[in-house]
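For clarity, chains are labelled A, B, C, D and E in written order, and residue numbers in each chain start from 1.
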Amino acid sequence: MSLIQIKDLWQIYNDRVVLENLNLSIVEKSFVSIVGPSGCGKTTLLRMLMSEVFCTRGSILFDGTNLPKEPTRERGVVFQRYSVFPHLSVLDNVLLPIELRSCRILGKILGSRRYNMKEEARTMLDHVGLLRAATLYPAQLSGGMQQRLALAQALIAKPRVLLLDEPFSALDPGTRADIHVLTNRLWEETKMTVVMVTHDISEAFRLGTRVIVLERPLADDPTKGARITHDIPVHPRTKTKTGAI
Amino acid sequence: ATKKKFTLAWTVYVGWMPWPWAAQQGIVKKWADKYGIEIEVVQVSDYATSINQYTSGMFDALTITNMDTLAVPAVGGVDSTSIITGDYSNGNDAVILKGKTKFEDIKGQKINIVQYSVSQYLLDRGLQLHGMTERDVRLVNTSDADMAAAFLTPDVTAVVTWNPIVEQIDADKGAHNVFNSSQIPGEILDLVIVNSKTLDANPEFAKALCGIWYETLGIMLSDTPEAKKAQAEMGQLSGTDYAGFASQLKTTHLFSSPEKAADFTKGSQLIATMDHVRQFLFAWGMLGQGAASPNVVGIEFPSGHVLGDTKNVKFRFNAEYMAMTAAHQL
Amino acid sequence: MRLINLHPGKRGSKILAILPFVLLFAAYLAASAARHEANPDDKLLPTLSQMAIAMRRMAFTQDMATGQFLLWSDTAASITRLIEGLSISALISFVVGISVGMVPYLKKLLVPFVAAFSMVPPLAVLPILFIIAGIGEISKVTLIVIGTAPFMMRDLILRVEEIPAAQIIKAQTLGGSSWQIALRIVVPQMLPRLIDALRLSLGPAWLYLISAEAIAAQDGLGYRIFLVRRYFAMNIIIPYVIWITLLAFLFDIALRLIQSYAFPWFAGAKSQ
Amino acid sequence: MRLINLHPGKRGSKILAILPFVLLFAAYLAASAARHEANPDDKLLPTLSQMAIAMRRMAFTQDMATGQFLLWSDTAASITRLIEGLSISALISFVVGISVGMVPYLKKLLVPFVAAFSMVPPLAVLPILFIIAGIGEISKVTLIVIGTAPFMMRDLILRVEEIPAAQIIKAQTLGGSSWQIALRIVVPQMLPRLIDALRLSLGPAWLYLISAEAIAAQDGLGYRIFLVRRYFAMNIIIPYVIWITLLAFLFDIALRLIQSYAFPWFAGAKSQ
Amino acid sequence: MSLIQIKDLWQIYNDRVVLENLNLSIVEKSFVSIVGPSGCGKTTLLRMLMSEVFCTRGSILFDGTNLPKEPTRERGVVFQRYSVFPHLSVLDNVLLPIELRSCRILGKILGSRRYNMKEEARTMLDHVGLLRAATLYPAQLSGGMQQRLALAQALIAKPRVLLLDEPFSALDPGTRADIHVLTNRLWEETKMTVVMVTHDISEAFRLGTRVIVLERPLADDPTKGARITHDIPVHPRTKTKTGAI
């Protein structure tokens, strides 16, 4: 069954049509990559999925019902930047989602309950290879480590869908290759639904089970918005071979 | 029951320094206890602020001049009674010229002065006595705190101010004290006023104030080492020392006994003075907007004589409490 | 919905924005009415009509003594001083700020001194200032300069230092001398920032202007306030304060407009 | 070499840094000596020994009238007021700044009002303030609060708005409520920025303190300067001004140290 | 003859050896790409070539003599960012080098001489495809256009060597491909010596006539600096075929 259903979706900003009549179903446990030229509306689409902005026309169904009007725990996100909290240590960053859930009043746990939670957080850090950096602050991490942390933080909240907006585009090629491996492993283990926006086509194919191409028919014409020009299924086995860099 | 609490506000001026000193020495508490009340003696650094606060009802009593009482609380509808005529300025306020020796030389000069203060009254009287008017000079409002520094600058050639600044400036070689309050004795009066409503309901407050005042004067004006010590301490409180304070005291005519003060207050000179004052205030628009004549506010004297509107008496001179002190009835 | 996600509509926004002003106004009227009930001659909280009468007199009646319309002559005097003070301050800060920001020797020489100097409270040194500058117009303008220049200087030095090193290197590789780089690269980029610094200095400048006028003056808005304070004329003080606030506001807007018209590139460059 | 590429060495830098101070000091000594030559009683530029004597008296001799050591009691009084005023101001600004920065309804309600309010020159309302707040400690503290809070509030609102929207969205996707986001995300990030705002407010705070003490006080550094101004006692005023400058400087350093120790993450996050 | 000669070059920052005993000759009219992992000292090397920082030991000769102690007109640069002046319009940015040369006092030309210069600047803008944007400010340009402008500005000063520090890494793939073509064309036309730092290996090969790889033997050991591990000549004809994206 499809987890997300986008129907007749339009987005218009001040007479400029950004997205035109989009229709898209995303089934559970799939990894959808969205690619397209700069400014075609990829980020806009993702921001609608996380309820940061709202569509001009059309509707989005999430698990059969209307998408909530504000961000929720069910839809985790990782952005290109600003995805982790600079004032919390690596460990506290991962602890935060657990604490927010456990203590509605303070959002902070003290004492013995904290101990168990820390164990859970440490396991997650180990998983993404950040255990040794647990006491550092984000500013002390490299870009790649920061994005690993962002993934760990998003995953520990156990969202039903993970939305990624060019999560790896600020990283250099070596780091990017490593984190691709990690992302792939995490996705295979959790079998979470993922929607990832990228402008790196090889990345889209390497990670996705389905690649959606978004394009405006005429870049300069404000009356024609972007639409889906290609919808390419990717066969699991071919993935590891695509791309070179 | 808790004791009734009253506040007296004072500002730094030679004729008012006995108040904080009496508070420090416990004289205030002694008299307050005697009448079963509490008296708080509050210092305000800025004189104008103290008047405004009294007028808006934050103090029960205030040290103030006769002129300012009429211009602010009385015009502001706050009925006030003067219970102590403490002193008159006898040289404390002065017109000082730089490099010129005659008052007449003031013509055409720019004068640094605290406008709308007793200084301006003094200047006006001086001009009157020498057949001039304020149209013959130009005034520059200057804060009293900076008058001494201002006089040192070349573009300041004439100032009107009060002590201790007068002494500072007189010390300058080029300074000539061409007119001062000793030439209009008894016109610039330093009073203690009490809100009339408070006074009617609590005459014991006025009695206590008179008791404090004359006991303190008794100590500081006697010819004893204690008097010298008292004056030195008052000097210190006002930011100077014994010598400085004593010399200021020379130009201040303190009514040393309650009899003399009461007599002065009952005398006819006071009526004439207040008439000068109200004419002056009226001329400068300080009797309130739309004041059609100097008569808008009534001033009542111990004799029962009223200057101005008898239906709107807001300033009363009262000699009763000074007389009681003189008669040892406190 | 979370509180942080709730947005008032357009009309709601407008109503919300004027609400505090309306409330303040109403509170004043009520308090003033109550006090006049108790004492019809109350001076503390004058009624609207009292203020209106006072202002009509200040603005449209010739003063007996000087023959001037006081509100306008006061305003002209204050604004002249303010503009003079700020212009001199801006000029000095601009020249010093750019030289110090660009030349390492000057930086070492002056940065600690300017930092120490900016800590001196100008109001405390007033007596010294009078002696040096007299108590005429010069001292008022000087007080504004002393009060605002150290801040503007420090701000401009920081802004010059914020120019990416890459830009200065680039200019050198294009053959620019120190002087050419100052003239063509640094000065034009600092001009709009000088306006920002000026806007931030407007508040302090008014403050020092009022202090100076309170101490020695024959006219000016601050002079008038401190003068009529002697006879507790709140019916003049309150409208004057509102008028000063309005002027400060207009100055701010004017500077912003100048900035956006004279330096069209600046908004875009800043947001990058 | 271009002027902008010439760097003084380590020792050269130190010499350059102290040079202006030494020059100022020497100029003072020369001027003072010249004036005392002409008039041994000169009060304008007291000699070092005159200042030393005055300060010895202020610091180490009990005041006859009050039995206090004036320099220290003045300092204690002023610093108490300063800290009280700044603390209250910081507290109000922090609570208001964060709420307004986070909640759109509050933003619409209060931002224009605070903007208008911050344009009112506090010194102009001083006459009004003293009448309303009385002349006790409250009025002095209130003046500091009125003088510094609008700026701090506006600064904090801006800082809250500067938190990347992505962070707030992210916190929501982690299940945070408005209250939790305020408590765990916004408050901790604003604390070090509050210290920055406090540092910027120190100068104005001293200014207002000195103004307030000049009008209504029985002690305090500003009061003393104001009191002895009538006697033109520059031998007290100059050391007091230097002392105030030094205190301001120490406050600034203290705040910077607190910031770097209490918020070790801040320097790194800011430079990113 | 080699235009630049680097001999026994060391760079040590606070006990951390960044570059260790580098030796390198760059012949005139070559296009040298320098690649290597993040933090290995590529930028440091380039900054030494532009006299922004100075080596701890060793020497650099430029055209046979010691490198000047400050940046000069002979060595043009383009950085990843901040390479153009935000307060000047596109045309004025290109006009600037000419004006700086022609008027030592003001650095600004008015009147009829300006007209001729403008023509020269316009020709250059046309060359890089920015003629239509001549009146815009840099903030109004896309990233790719800004870098074209930076190239135009550097080239109009006619430097003998052009130093590029990751000039295209902030651009998206399509834009990057376009600007590669442009760079290649400009280089072939001017036959200028170019040293380009990049972390994109395909870019290095596509543009360079020689690829230098800089690497630290042990990333964590501060006593061992980066050295040249590979020095690969690239045959001109293969260039256009390497890499995909």
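Quick note on the criterion: a contact is a pair of C-beta atoms (placed from the backbone, for glycine too) under 8 Å apart; a residue touches a chain by one contact, two chains touch by 3 or more.
Keep in mind the model is a prediction, meaning the values are calculated, not measured.
Listing every chain that touches chain C and chain E alike gives A, D. Ranked by the number of C-beta pairs in contact, the top chain pair here is C-D. Of all residue numbers seen at the chain C-chain D contact, over half occur in both copies; the interface is built from largely matching residues.
Between chain C and chain D the centroid-to-centroid distance comes to 18 Å (mean Cα coordinates, whole Å).
Rounded to whole angstrom, the centroid-to-centroid distance between chain D and chain E, based on C-alpha atoms, equals 48 Å.
Chain D has its Cα centroid 37 Å from the Cα centroid of chain B. Rounded to whole angstrom units, the spacing between the C-alpha centres of chain B and chain E is 82. In chain B, the positions touching at least two other chains are 48-49, 52, 56, 145-146, 149, 152.
Among all residues of chain D, those that touch two or more other chains are 2, 44, 127, 131, 172, 177, 214, 229, 232.
Residues of chain E in contact with at least two other chains: 70. By the definition of touch given earlier, these chain pairs are in contact: A-C, A-D, A-E, B-C, B-D, C-D, C-E, D-E. By the touch criterion stated above, chain C contacts chain D in their complex at residues 2-4, 6-8, 12-13, 16-17, 19-21, 44, 102-105, 108-113, 116, 118-128, 131, 151, 168, 172, 177-178, 181, 203-204, 206-207, 210-211, 214, 221-222, 225-226, 229, 234, 237-238, 240-241, 244-245, 248-249, 252.
Against chain C, in their complex, chain E makes its touches with residues 50, 52, 70-73, 75-77, 79, 81-83, 85-89, 96-97, 99-101, 104-108, 137-140, 153-154, 157, 159.
For chain D in complex with chain A, the residues that touch the partner chain are 164-167, 169-177, 179-180, 183-185, 188-189, 263-266, 268-269, 271-272.
In the complex of the two chains, the chain C residues touching chain B come out as 39-44, 50, 53-54, 57, 64-65, 126-127, 130-131, 134-136, 214-218, 223, 226-227, 229-232, 235. Against chain C, in their complex, chain A makes its touches with residues 69-70.
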